[in-house]
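These notes are about the structure you will find just below.
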């Protein structure tokens, strides 16, 4: 099947023009892949948030999802395998004005980068981590990852996976993440809302998106194409409120528990540093040229701003529900 | 050029001794001083030591090869380092903790009950400053004025005065010892 | 590159009795470094401790990361966040840093890495000196590239060369190493820190111009492109992949040649400007001893003894290790009988000397295992033997 695409027309007219580096289109992702949904939701969330796009940086690791940083039109760094989180940590601490978002895959973030993941969560580092979890190393040809369900076939588990997988929301929660949510790539609206909440969240936020790798995971496990994956999500994924993250593990083609599992306030790493130094060193202490009153003023301003955005989001959601836009009210 | 070795067991403030003396010499006595310390297996358990090379000009070789002065605050350190003290060199040792071999005149021996003096001042932790007082009085390598100037930053502020007292006590004792047994100088040090 | 005065907030002006590790931290603060990410490892930890203690007053940020991989990765983020950045480590940590050293080289990210060398391989002798990482910093990350490395022989030079390392790092957009060792790192000596106004600091070359025209790279093999920082609206992109001037992946052999040639040439073509040597009585010498770091101080005694013994002996101390002073060695090799190279390893830099001398004179290696410095007599014997 071949589709005629006028690339110049696409670049000029796409609603994503402001958010993507259109000169780099078309992208490398396969038909039916879930990463595009996440990128669209991300763009939508940023657009809705009305935030200054110059103050947002996107950092990715290696892999299919690792290519996101290269396509989005923000300050962006495509790092080495697994190192997106420490690079993001460095950028955030060196330049606290930035909102820093890591977008990467399950293998990158929780396999080779697992140590960085748990420590950034523990520190409540003020960054957002979006993990596109397709249960596979796509770029290298479909190997088993730390999230691959048992019995699933991968190129390095050709007789089916025998390892115990991570349940990422549980991992993030246990390590101290202050915002944790999970959706599937079918639930674009929910992803958008979660990203928007996370953009407005202070501290380590983690959003897992279960997404299909049609070329490798789906095919190798005879699960059909992208549409079949969405059918599976539609059948088996459901929102649960007030659920214990210990209960949200995913079995092969089993139930997928979705929702916003954690949402709490706790001082971020930078706030903890500032508070400690200021307590011990007094008013003389300055971080990057900011005095204590200036810091307090800024914190107050930001808190007010966050509250305003939160109220606005709730209004909008209520309005959408009223307009019957098909929003899954259980999830919101 | 002087080579000085401070030795004892962990917790006696051996490294601090060399730090204070090195700082005093290089910042207030207009001398060049290089301080090195032993880390690792050598620094654990028994003997722990820190070394100081003192010179009128820039020090090239930073290590002590054949020290002219040894301060030994423990039996282990005495046993380990006394044989490596130069002939005619100065040995200042903890009188109550070190039982030296019979004085055969190879080195010039000065016993000092530094821990007892420190306890009299309220805490045996001040023993290292008593030691430094003796060292300064006996060897004249470093002036007492420079030593006192070097203390801030190297001893806690709240113990500054008592440390100075400990130094003075050691210094006075050192002078007394010298009266009883004058130091034979020469190239020994 | 234009130098300005240091920010007085980071300058602890005056005379101090400091060890080399602490002097490195002071050098970094004086040079304007305001972001430090590190992981504790003997014998380098004192640098991190000093920075942690001093940075609140200087308006900086310190973070102890989860490992050395994360530490150097955080520097890449920190540098593009707009700060001058550094980390410090030793053997095992250095090995972990090799991955993202490559990322820093490829993305042309300025940073300073101090390696306080201890004896290896592996955990080796954690508390004792060595000079065994000289080739690892040069070749340790995969692929072809260049770095700059400086080698201090005293706490004073730890301060001075750290300032210089930041200046070179900003000038050439390249990671710069301070190659200290356990002895220099833990040795205390007087360190004089000049007033801020007398410390020459190279500030980052910030881009000024229309946003749409900004290019994070230029592959001239001579100069590097100016930088921008996150948040200023340039929407930069950098990647460890082979990339074009805009920083976008460009995965062709031709482009890889362009990029890699630039990474090499920007250092090689400026080598004469970068290299600093400390020579003594080299003219007319029969034997020249080439050494670096703590070994130079042992050599100075050996050379003194050799001269007393009537041997015309010169000494050349490599302050800059990489790029290597190949032209000067080549020149010397045509004039002397022999070059003697003592080092605390089984022969690393001596290979560079041999390569540069190319058979014009004898080159004598005086190796020493890690954990201790040479006995000056051993070097003296080598000088005597070489002079025959």
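As written, the chain order gives the labels A, B and C, with residue 1 at the start of each chain.
Throughout what follows, a contact is a pair of C-beta atoms (placed from the backbone, for glycine too) under 8 Å apart; a residue touches a chain by one contact, two chains touch by 3 or more.
Keep in mind it's a predicted model, so treat the numbers as computed, not measured.
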{"item": "Central chain (distance from its CA mean to the mean of all protein CA atoms)", "value": "C"}
{"item": "B-C against A-C, pair bridged by the larger set of C-beta contacts", "value": "A-C"}
{"item": "Centre-of-Cα separation between chain B and chain A, whole angstrom", "value": "62"}
{"item": "Inter-chain centre distance, chain B versus chain C - centres from mean C-alpha coordinates, in Å", "value": "37"}
{"item": "Inter-chain centre distance, chain A versus chain C - centres from mean C-alpha coordinates, in Å", "value": "38"}
{"item": "Contacts with 2+ other chains: residues of chain C", "value": "none"}
{"item": "In the complex with chain C, residue positions of chain B that touch it", "value": "18-19, 22-23, 26-27, 32-37, 39-40, 43, 59-63, 150"}
{"item": "Residue ranges of chain C in contact with chain A within the complex", "value": "34-35, 37, 56-57, 59-61, 63, 65-67, 69-71, 73-83, 85, 99-100, 102-103, 107, 229-241, 248-249"}
{"item": "Interface residues, chain A side, partner chain C - complex", "value": "21, 23-24, 54-55, 57, 59, 69-70, 73-80, 83, 85-95, 97-98, 115-116, 119, 269, 273, 277, 281, 284-289"}
{"item": "Contacting residues of chain C [partner chain B, same complex]", "value": "15-17, 42-43, 125-128, 182-183, 186-190, 294, 297-298, 300-301, 304, 373, 376"}
